[in-house]
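Multiple structures are listed underneath, in structure tokens.
Shared chain: subunit A. Partners: subunit B in the first complex, subunit C in the second.
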Partner chain A sequence: MNVRLYLWQRGTAALMAPLVLIHVAVMFYATRQGLSAADILGRTRGSVAWGLFYAAFVAAAAIHAGIGIRTILAEWTPLGARGAALAASAFALLLAGLGARAVIAVVMP
Partner chain B sequence: MSTAPALSARRSARGPRAYRRNALWVAAMVHRVSGLGLAVFLPFHFLVLALSLRGEAALDGFLRWTDAPAVKLAEGGLVFLLVVHLLGGLRVLLVENLDWRANQTRAALAAGGVAALVAVAFLVRLL
Partner chain C sequence: MSEAAAGDLSVSIWRGGADGAFARYQVPARASQTVLDVVTHVQRHIDPTLSYRFACRVGMCGSCAMTVNGRPRWTCRTHVSKVAEGGRLEIAPLANLPVIKDLAADMSPFFEKWQAAGGAFAPTLSRADPVEPIRPSEPDRVVADAGIECINCGVCYAGCDTVRWNAAYVGPAALNRAWTLMNDRRDGAQRERLAAVAADGGCHACHSHQSCQDFCPQSLSPTGAISGLKRMAMKAYLRGELKP
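== the complex of A and B ==
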């Protein structure tokens, strides 16, 4: 991992620490009477605050996971540095795309 | 100087992979494997949430499936992965940015313990 990726990895980690804490708290709150789509969407649909929260979460998670996967692939598979970087970039893009779609799905009214 | 050969002799006397018995090596491995597990889970999590594009009923249909005990158990496991990765990551951030070196083993063990407690509390809530 070079310095640039190291800083992105640690920066996204620091950003996500409070987001994960809130996410865990919401998970406990949301399951108080079992999960329901009406309950989840009632909270998120049309909410700018939740939209920004989850958009930041998805962007940070895609970058953070991509860099982590790159390291694991380079160290644990025969892909090599270049192959690991390519595969990890593709995975990060997949996460960003699917994540953005999920945020739109739960936030757009 | 004979320091390096002496050190390597001492290491091999403890076995070639003695470092694997070190709690902080285990903590690093738990951090890596939990991160890998979360990364594998995330695309499915996003796909499920996107079901609501087809309407509330589509998402509800999937949520009924999560009532199965085995799925609830898996959700408890995911909560453990998330919390242990969060706390392990916080420890790494603090070690790297502050002048904190003492009690690392204790901190890593506490991270695992707290994550297990949160996961059990979540499971109890679900069941």
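== the complex of A and C ==
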């Protein structure tokens, strides 16, 4: 971990904190209002705002988790610094890909 | 395994190198006895081949740190009555360092990292210049003073989880030293030192477990020093003064 990775990890954490709160609040709202999947998709599809919201969430989560996994792999496995960086980058890309797929499915009309 | 006789301590001491083993000794219990007294008794009266390190015996030199019942301690200031469990002591060399023999750990990695983290003071004046007056109440000096009583005993290094997991991590003592120098306006190597502690293996590798300040026999706060370095390095990086 160096200062650049540290800043990215703390920055993405700071970004995710309000996003998580909003996400949880929306989940409670949807549940209490009895919204069906079709109701929810009707509101999110074509919405630039929800697209940006979850795209930011996915990007922040992929970066944050990637940096954290890099440290764990480097410290707790025999991969070494370079191996850990490569494996963590692959994991971050996987998270970003899966997240992007979910966001596209929810917001694309 | 025999029980200690009344008035005796049952002491297990690490013998040999990294592939050594514990050997058990019976040592008479005495009033105000320190762990270093126990080790000295074994060497003077039972086995003169026992190797260990000490110098001042009064908590100033930082030579006699060992692992006592699983925890790193300065043995000259550790009373047996406070740490012996049922009259038993287990004494091993400091963890996270190579073992030379018996209780003597090789401190080379500790001091090499101390140097790598910019632990040497870089003077900006010569002996021909007048002494620079610095008031003890200056804010930077107050911060530096909070960390300068480190005796480099290696207790924090031996007790640090991150040191154990990350061979590149320079450790709490080296970073505490760097922090005191970063707050010393007489020093002329601020930029180089900040770059050294902001690189891989530097202050950002710390997980803030706080074992260092829990174990520090001088009650210093290396964790606080490391947090200060993190903030200082982050600000310098954001200003473009630091390239990791």
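Going forward, the second predicted complex is superposed on the first by the 105 of 109 C-alpha atoms of A that agree within 3 Å, B and C clash if a C-alpha of one lies under 4 Å from a C-alpha of the other, contacts with A are read in each partner's own complex, and residues count from 1 in each chain.
Everything that follows uses one rule, which is that contacts are C-beta pairs under 8 Å (C-beta built on N, C-alpha and C of every residue); 3 or more make two chains touch, one makes a residue touch a chain.
Everything numeric in this text was worked out from a predicted model, so none of it was measured.
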Checklist entry - Does subunit B (first) or subunit C (second) touch A:Leu52, or do both, or does neither? => result neither
Item to check | When both partners are placed on the shared chain, which of subunit B and subunit C touches more of subunit A | outcome: B
Item to check | Contacts of A:Ala25 with subunit B and subunit C, given as first, second, both or neither | outcome: neither
Checklist entry - Of the two partner chains, subunit B (first) and subunit C (second), which one does A:Ala65 touch, if any: first, second, both, or neither? => result first
Next on the checklist: On the A-aligned overlay, A:Ala38 touches which partner chain: subunit B = first, subunit C = second, or both, or neither?
Outcome noted: first
Next on the checklist: Between subunit B and subunit C, whom does A:Phe91 touch in the aligned arrangement: first, second, both, or neither?
Outcome noted: first
Item to check | Residues of subunit B defined as touching subunit A within the complex | outcome: 32, 35-36, 38-39, 42-43, 45-47, 49-53, 56-57, 59-60, 63, 66-67, 79, 82-83, 86, 89-90, 92-93, 96, 118, 121-122, 125-126
Checklist entry - In the complex formed with subunit C, which residues of subunit A make contact? => result 1-7, 71, 74-76, 81
Checklist entry - What residues of subunit C sit close enough to touch subunit A in their complex? => result 162, 165-166, 168, 198-200, 202, 204-205, 230, 233-234, 237-238, 242, 244
Item to check | Residues of subunit A defined as touching subunit B within the complex | outcome: 10, 13-14, 17, 20-21, 23-24, 27-28, 31-32, 34-38, 40-41, 58, 61, 65, 68-69, 72, 91, 94-95, 98-99, 101-102, 104-106
